[in-house]
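Got a structure for you, questions after.
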Amino acid sequence: MRATPLTSIASLAAVALLATGCGQGLLGGGDGGDTAKTNEPIVLGMLIPQSGSEAAIGPYMSNAAQLAVDEINAKGGVLGRKLQLKTADDACDAQSAAAGANKLVTEGVDVSVGGYCSGATLPTLPIFGKANIPMIIPAANSQELVDQKLKHVFLINGTGTQQAAAAEKWMTKQGAKSVALMHDNTSYSKDIALRTQTLLDAPGGADTALIEAVTPKESDYSANITNVLAKKPDFVYWTGYFQEGGLIARQLRQAGYKGSIMVGDGSVSPKLVEIAGPEAAEGVYATMTQTPDTLEGAEGWIEAYKKKFGAEPGPYSNQAYDAVRLAAEAVGKAGGTDGAKVIAALEAIDGFQMFSGPLKFTPEHTLSNGGFQILVVKDGKIILQDSLK
Amino acid sequence: MTTLLSVSDLRLSFGGLLAIDGLTFSVNEAEVVSVIGPNGAGKTSAFNCVTGFYRPTAGQIMLRGRSLRGLRPSAVAALGVARTFQNLRLFGELSVLDNVRAGAHLWLRQNVLDALLHTPRYRRSERECTEQAHHWLDFVGLRGDRYGEARHLPYGEQRRVEIARALARRPDLLLLDEPAAGLNHGEKTELLDLIRRIQALGVAIVLIEHDMGLVMEVSERVVVLNFGKEIADGRPEDVRRDPAVIEAYLGSDTHA
Amino acid sequence: MTRVPDTTPEGAPEDTVRSTAADTAESTGGSATAGAARAAAPDEATGEAVNETTNEAAGPARKTAEVRRRGAGRPPTRASRLLQNRWAGLAGLLVALLAPFVNATPYALSVMTSAAIFVMLAAGLNIVVGYCGLLDLGYVAFFAVGAYTSGVLATRLDLPLVATVPAVIVVTVVAGIVIGAPTLRLRSDYLAIVTLGFGEIIRITANNLDVTGGPSGIYGIPGLAGSPVAFYYLTVVVVALAVLGAARLGRSRIGRAWRFVREDEDAAEAMGVHTYRVKLAAYIAGAVWGGLAGVLFAAHLSAISPGSFTFLQSALVLMAVVLGGMGSIPGVVIGAIVISILPEILRDLADYRFFLFGVLLIAVMLLRPQGLWPARSKEVP
Amino acid sequence: MTQLIWNGLFVGSFYALVALGYSMVYGIIKLLNFAHGDLYMLGAFAGFAILGAVGGVSSSMALPVLLAVLVVTMAVTGLAGVALERIAYRPLRRAPRLSLLITAVGASFALEYGMRAAAGADPRVYPLRLGGSSLEVAGARLTVAQLVLVGVAVVLMIGLNLLVTRTREGRAMRAIALDPTTSSLMGIDVNAVISRTFFIGSALAGAAGVMAGAYYGKIDFLMGFLIGLKAFTAAVIGGIGNIPGTMLGGLVLGLLESFGTFWLGGEWRDVFAFGVLILFLTVRPTGLLGERVTERV
């Protein structure tokens, strides 16, 4: 009887150890180095939320990345080698992310093309860094990611500053006087809101009436909306995601709000229109990098995506797609998967065509041009309103 | 004979209901005093007042000249009062020994660092604690398994453990709440002997008991309560003859 | 405090007194083997001094007392003594120390380090829930307080992480008092919700304040050891000491007092246990354990954010304690390992990962309702 | 001001509906049913599936159709609750109380991620929505849909209260809550009563799920988690196990959130709500309507 628990520890430990492979102990051969992998596929690793509160986002990104991988492989791959995508769940949680990143490192990933939640992406930076793996981060874009000036970290999402600038420009152009900023208290969303506030509070133009934080994943935002409406704004800018964005747009209209509504790039999804309902969504503006819808020559992309996955692409689908393409480009230019060479190739890239426009990294490794435009919901479709050129 | 415990004009009310209405009695060192009365007379409430579980509405409770009113039960215990409960309150899922070790809580000399580092002092005090526990279990004559869980002992044995636990506290005053309830004849005889042996240790005992035979046998004095009021206080043979007591209580009791 | 009697009360039957004295004499002298066994394994079950082998030499009076003492109890077998917690503990430690020789990939090390930290959390919560019976649904608050305290101090003041440990201990003790003092008088259900509330308050506050880095948290926290392997070993040693410490507390005066409170607060009070202080002590001990685990966590991940300190985390730690067996140190360690490693083992199932995790939890509990390795109150004489 | 109160009451009535199941289950078997919020989620998805099966409905028929869906969904989630109790809770009734917590969390994971596997991680949108016109009452803007939903919630709660206080069934439930052993000695079929309690509690959660789906429109597999937490909180505020207290607790929590948002802003709302709750419980440790438990010494 007493032996049962003992055996259970032993077997559990054994399972835990064996589950991750053998011959990789301290006395074993180590990770084998980078020798002669010329015929093996180039492995791209992608950390995305597949469980937890942000689980809805993961598939948008992994699907689009897979689409890019398949397209490139169909054209013969890179340097004669195929691409292979490995995803890992970060659950938008630091600890899961660290485990996931280490798993990808262990599995021999050559370039990381994931990263969605800033809080979960931060702890993965040193993990990939130590393994000399370049990171092309498609979605997470908080300033902290580049503050450490790590050589291997590249952001290809527009930054909060760029998005805020676009938002401010459009609101001023629309003659807004009093703006309510709503965010969901995550780093991404709060960052855009605060940066927009800074721009608005500069002399002239519109002013910030209030900043209102909501709790994500709830259904009823009437209390927040009451706060917003009490300040009688003529422009409401929501910087969070579409789940809440749709509800907020709907509940704003239900509460009798007549002014303009604008949403950030995390809210640009057909689901936004669905959740808000066609009437409430009509006329909602969005700040967004160029999307397949608005980019010439990319009409086929959405079709291809839909055909493959039976669903519309969502937030960060295009960035994830671009991250894979960019990784392939850089590996091709570098002539191999050596980390330092790929990083150098990424830094040297100039004019690579992405959804957000031609790419050139700033010294900080962010986009030199966010390429933000203004979209609008018209007849239930999200279309280009103003390219802000 | 010096007075150990003196309770004067104790009153306790729950809402509007007077549970104790002016109770006065005292207990001398090493004396056995019984508190008797019909069910609901306020006996256990009085115990709870003395031991700090209830806050009396009025009155004084002094132990060796020190007021016990307003003290929490553990503070009362620290002053040398131990008790048992009417419905056994053993730590059922702990071993019998651990139950009795609880009595050692107040005098055990060890601190957290001793425990973390297993200092000689820790070992010594643990050893002493265990020896004391065995000693008191021997003293109350426990026959059952003392290493197993307390709840697995037969009822009578659990009663003994509870008394051993209280004794391990090394009290000056021991309050026993119906210790004979549910015991068979033989066990009652042993209890009688046990009470006498406890008294011989110099411990004063206050006993709540329905078994008049036991009460008359061991008590030096008897206090009678009825409806929260004290109706008699005196030597057993005097109380037995008190007309008020006979009417209120003994008159209806076949033991009398 | 008038007097705390300290001598064997007079008038006790003579033979009992004598036998007690004999016990003392023999067990202090002890047989060589018994003494050695005690010295070799300091974390033995109860600090039990009465050793059965020493009784052989006793006179007839002692013999009868011994028979009476043992009573209906089954004499312990050699096997059951061999499998006492200390051996299991050593075996577990050995497995933990040898594991990197089997697999030292970054992934395995990361998972095992996380598991070890989780073990420490569970050992801390076990003090509160397992020993003292206080249902705490916000335990992760202390974890967060520890992680943030060390993280903020280390990054803002450029301190090495070790130097923040005293501050972490002070802050978590204060947090334990602040959270515990007003709430420990509450009944268990209310205590549960209040602790849950405090857990949420701490997380939201960390999310809203600037000093804690807001929603993205703190990054660039220095590590405690150079390589992941070194850090893993450091973690294992610290966690092993923490587990041993929790076990020793559990077997001491205060540990027994915790269990008395858990079993019956009134009876404990009547025995002179100041239940409120004892509960607060459990709370503070749990807080310190959680806080120190937080330091390891911060060092392990180098970046912390409010997302790591959600209610779900509290629930998971609680699950580790209950799954293993409340109040049982080996149980809690196993429970923590299962809860932290199982999702990693199931990682490749992707979409079905947490579904299966849930189903397995139910299945395990149905098979072993008392926990994987329940606490036992039966003492080994 | 009236708007704040109305907002709080409306949200609070959802909390109350979900909290009732929590409270009943807790009252009767002392189980923190972590999976309860997921029954709310299950209800929302069941309603979604039924509406999808029914096909297009004209908006004039929306209300009667939704009511019919509500009733069917209540039956479905009620049965799911019964099944949950049978599989995950009943076998453990004699185990330590917290063992049930494990199976409850396990069931919660299984329901959430089972639904994720079945319906995907993407949020779904109800095909039929309660929109409707809004009207001004005493300075507060409210919609007809809101009034209807609050009406339904009130009817359900009154019905439940009548059931518990006036019927044999209710007496049996209260008896088991007080003392299951004695109740079974008195001839009460404890298992059957517990099953029915789960049925009723789960059905109410399912009803709340459908109502949330029809009103807010968006449903997803994790939607039950937060509301489960809040329902638990509401149940405790009200005095857990106490039905009118629980209803009151839900409304109070809704009001606390509404006013907390107004006074301190959305980011401090939960801090405010929990802070008030903690202060309140330290002053009145038995909840709003909970009985003062006299010490039994």
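Lettered A, B, C and D in written order, each chain numbered from 1.
We adopt the following convention: a residue touches a chain if its C-beta (ideal position, glycine included) is under 8 Å from a C-beta of that chain, and two chains touch if they have at least 3 such contacts.
What you see is a predicted model; the values in this text were computed from it and never measured.
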Chain at the geometric heart of the assembly (C-alpha centres): C
Per Cα centroids, the chain farthest from chain A: B
Pair joined by more contacting C-beta pairs (A-D or C-D): C-D
Computed distance of Cα centres, chain C from chain B, in Å: 36
Euclidean distance of C-alpha centroids - chain A vs chain B, Å: 71
Two or more partner chains touched - positions in chain B: 53, 85
Junction residues of chain D, two or more chains touched: 113, 116, 267, 270, 295, 297
Chain C, residues touching no fewer than two other chains: 207-208, 266, 351, 353-354
Residues of chain D that touch chain C when the two form their complex: 26, 32, 34, 87-88, 91-92, 94-96, 98-99, 101-103, 105-114, 116-117, 229, 232-233, 236, 240, 267-268, 270-271, 274-275, 277-278, 281-282, 285-287, 293, 295, 297
Residue numbers on chain C that touch chain A, as the complex places them: 79-80, 83, 88, 91-92, 95-96, 99-112, 114-115, 207-208, 213-217, 219-220, 229, 297, 300-308, 330-331, 334, 337-338, 341, 344-345, 347, 350-351, 353-354, 372-373
Residue ranges of chain D touching chain A (in the complex, touch as defined): 3-4, 7-8, 10-11, 14, 113, 116, 120-123, 125, 129, 131, 134, 141, 143, 212, 216-218, 220-223, 225-226, 257-258, 261-262, 265-267, 269-270
Chain D contact footprint on chain A (complex, rising order): 50-51, 53, 55-56, 58-59, 185, 212-215, 217-220, 222-224, 226-227, 243, 246-247, 250, 254-256, 271, 274-275, 277, 311, 314
Residue ranges of chain C touching chain D (in the complex, touch as defined): 129, 135, 182-183, 185-187, 189-190, 192-194, 196-198, 200-201, 204-205, 207-208, 266, 311, 315, 318-319, 322-323, 326, 351-355, 357-362, 364-366, 369-371
